[in-house]
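Think of it as A, B, C and D in the order they're written, each chain with its own count starting at 1.
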């Protein structure tokens, strides 16, 4: 009879209404993930031999690494390793092809970020492993560190003068110094840049100075 | 007779029932469709061009992303094509697992078809029940490869890893529940008079037209043409299994719906047999690390995907990367029949027509 | 002239009513994101799964998938934006009523993802509009958009 | 408890006349108070109802539904309302601004007007009109105009299609709706709501008039534009149909009006077929609430189970099936009454 199908359908939905719900309540109740679940890619820095198998096999250029060759032992040493997760396809090729099994997927799938930059993950060489590197690199690194710390000290002492020199404009230097006085992070960044790449430092400082000048047209206005 | 004006209405590209980025420009007279113009290309991701800049191995995850509803099937097609080029023999166990994963993919795709048809017709609850059942298959995929939908599990010569221990009991458990699942769908959807009125005798595609347009897969079989690549030209080890090819009579929307429902059952039969016969042994053949087919080799290989005949045509120039890779996408070709079956119907029919043709735009636009 | 933190505090003190209302608005807004049903690749399927019984986006009250852009609050870009799709997405975004947010779901939307080398794919949704939350994954697990939306909720509450 | 509301009203009138107000003026003030009460009840009821529908639809689909805000997610609708209130109000430039802006107000006013004649308890009608049922049907059919206004004013093809669909649908289903109520009116011999309720003190009309009940139920679902008859909105086809261009509060008004209509029609169904406010033990106004909510749940169940009917099937179902059936029901009722009267009943 016409209509029995409709009633049967109603019966099905009515039956399920009083059944137990199958919902997993996510933030409180984490899902049970299988062992092979591919969440976030992780690297064991110490085991990596910088053979670049993973970067070659990756279909989409997710992985990149920097390494130095130790002339004495003729072995490569990993300097830094970056995983740009926003291009990953979770194909597992890198994990399969790693001869040292130092790449693996963990079970973390909560990767949401406000900023695209935060998705990229960079592994720097840990401090205790720096001494492991060839001598001249260690020496260069140490020298660099020293110069940076000296520069930071100088900037903290007499920022307007140094910045003015950098920008070749004393007014701007003053404005920037005032703006940076409260922002220690930026100050340090500029110091690092001044040591490593003076041209870049000039550009960045110029941009920052312009921004500071725009935000606070007169120096007196700045509320400390 | 009153003079009426025709007007154009754009269904899509952003519209809830166009299955992604399909754009149908409907020429309407009131609620009656005079003509429908299909615009594709909104999800054109240049996959074929990307293939030319990737090595043979690196293209495997891209192949999975063609038909993302049944990701194992397009991967299987691609992998088998390259194996044909290189003349690799796949171990028995891997062949069986390929059948199992492929048929599970087909079931997943068809279940989603049922669900999306239900939601396109306005029966939201049918959709959630279908998704609930599909989750069980996705769990199986996740168990084997760690990814729910797009597994990238197959490799040249076999598989990346063997099946985990808990897979077979879980798979058998799913198969056991198929009759119960069917009971529910039949009562809630296919037995529903409203749904029958919406689908029966709508969007009729005659066998002749279907063949002329090059329609393949369930859509062709719904028109009554007995053509299934698994039977007609068995690839892999499909010749070892007993299964039926469900056929429709009229080629209307209801037949397309029912053929897919019955195919779920047949896929279940195949998986049961494959699980029973599953041999122990190697999971992956020994293949060279760098895949380099001979220069000037051209291969075409086709499989019966969830949507129809999925073919890969690969030309090699002797390098690590294919010189040209072409995909014969069933969704694209099936979609071209939409104007023919929609003419003279109502606006609501075109929604049902799109749903029952079951295009995957990722595959159609590539 | 930009207002710095100190000024904001003073303003807040003098305008208790306004800020209280602001808090109320943000409370309401952050608990009822209605996504636009749009998507063109694998991620929308996971989005659909997140609406279904096992994951149930309705628990947060975000289940009202609006088909009409006028009533939606969140544009969940799920899938690559191709050159052909770009004008359509831009138009839909323009049609949405303020306040509105963009969530880039899946690697294709975050950066172009796997298809970033393709000539027809934009390198990420942020080439067209400001993206509030990025959810990487390919495709993402249905829980991941929940986390993304909850992050967006935190962001809106702080506004 | 039984006469709490009635007594309050009497007390109010007595107090006002005690202040030296003419009885006519006191009645007018009472009317205003009642109106405000109705509006408050409607709004409160709708917030609960929307929550209930989301929850029930969740349970049907084996989900939980909203459960984060407040107990069982009760405050979800409040959050939604706050958000909708603060959303940008867009009036597209190509619209017929006047019509576009008034349509939601017309809709909500019409749907609130329906509550005037519904007896919400023993002696708790705002106005006990002698043509109550007639008033209800005629006001109810006016909501077509609001939908057509929205569809036409939006200057959008989807909206227009939605508006036209709603007109066609509502006009066709108006007839079986009226016809099915006619059987009840014939038995009672009155269009007055209180008489209809009183006539059911022994037996509910759902027993005497089962065919009328079924036809009323179907055509009421269609009148309300609820699934499976939600043609004007039809999300999967017309994006949002007549409401496509509406944002924020304007859209919310439509939504509110739809639910207001839903409650009104369910309350009428309870009144006409299920004995109205009559029931043992509990106060009368509680009985009608219980009955109405039970009917509402049936509406929810139906909406979330069935696929949407096609437009032309919908029309032919009304003209070729429902109208003949309801006419036959009238004939049957008339014959039955005649026979019973001859037998001296």
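The rule we apply is simple: a residue touches a chain if its C-beta (ideal position, glycine included) is under 8 Å from a C-beta of that chain, and two chains touch if they have at least 3 such contacts.
Everything numeric in this text was worked out from a predicted model, so none of it was measured.
*Asks:* State the chain with the largest centre-to-centre distance from chain C, centres being mean CA positions.
*Replies:* It is D whose centre lies farthest from that of chain C.
*Asks:* So which has more C-beta pairs touching, A-B or C-D?
*Replies:* C-D
*Asks:* Return the distance between the CA-based centres of chain C and chain D, expressed in whole Å.
*Replies:* For chain C versus chain D, the centre distance works out to 36 Å.
*Asks:* What whole-Å value do you get for the distance between chain A and chain B if each is reduced to the mean of its CA atoms?
*Replies:* Chain A and chain B have C-alpha centres separated by 39 Å.
*Asks:* Suppose each chain is reduced to the average of its Cα coordinates; what separation in Å results between chain A and chain C?
*Replies:* 23
*Asks:* Please work out the Cα centroid separation of chain B and chain D, and write it as a whole number of Å.
*Replies:* Chain centroid spacing, chain B to chain D, equals 45 Å.
*Asks:* For chain C, jot down the residues that touch at least 2 other chains.
*Replies:* Answer for chain C, listing residues that touch two or more other chains: 52-54, 56, 59, 67, 114, 117, 138, 141.
*Asks:* Among all residues of chain B, which ones touch two or more of the remaining chains?
*Replies:* In chain B, the residues touching two or more other chains are 15-16, 61-62, 65, 125, 128-129, 132, 150, 188-189, 192, 194.
*Asks:* Residues of chain A that contact two or more other chains, please.
*Replies:* Expected reply: 6, 9, 12-13, 16, 21-23, 25, 59, 89-90.
*Asks:* Name the shape of the chain contact graph, picking from line, ring, star, complete and other.
*Replies:* Per interface graph, the chains form a complete graph.
*Asks:* Which positions of chain C touch chain D when the two form their complex?
*Replies:* Residues in contact with chain D: 24-25, 27-29, 31-32, 52-53, 56, 58-61, 63-64, 66-68, 70-71, 73, 97-99.
*Asks:* Report the residues of chain D in contact with chain A in the complex, numbered from low to high.
*Replies:* 56, 58-64, 301-302, 304-306
*Asks:* Using the touch rule from the top, collect the residues of chain D that touch chain B in their complex.
*Replies:* Within the complex, chain D contacts chain B at residues 57, 60-63, 157-158, 161, 165, 227-228, 230, 234-237, 239, 304-313.
*Asks:* Given the complex with chain B, which residues does chain C contribute to the contact?
*Replies:* Interface residues on chain C, with respect to chain B: 36-42, 44-46, 48-49, 51-54, 65, 67, 69, 79-80, 82, 84-85, 88-89, 92, 114-115, 117-121, 138-139, 141.
*Asks:* Using the touch definition up top, name the residues of chain C that touch chain A in the complex.
*Replies:* Its residues touching chain A are 1-2, 4, 6-7, 53-56, 59, 107, 110-114, 116-117, 124, 126, 131-138, 140-141, 143-144, 146-148, 150-151, 155.
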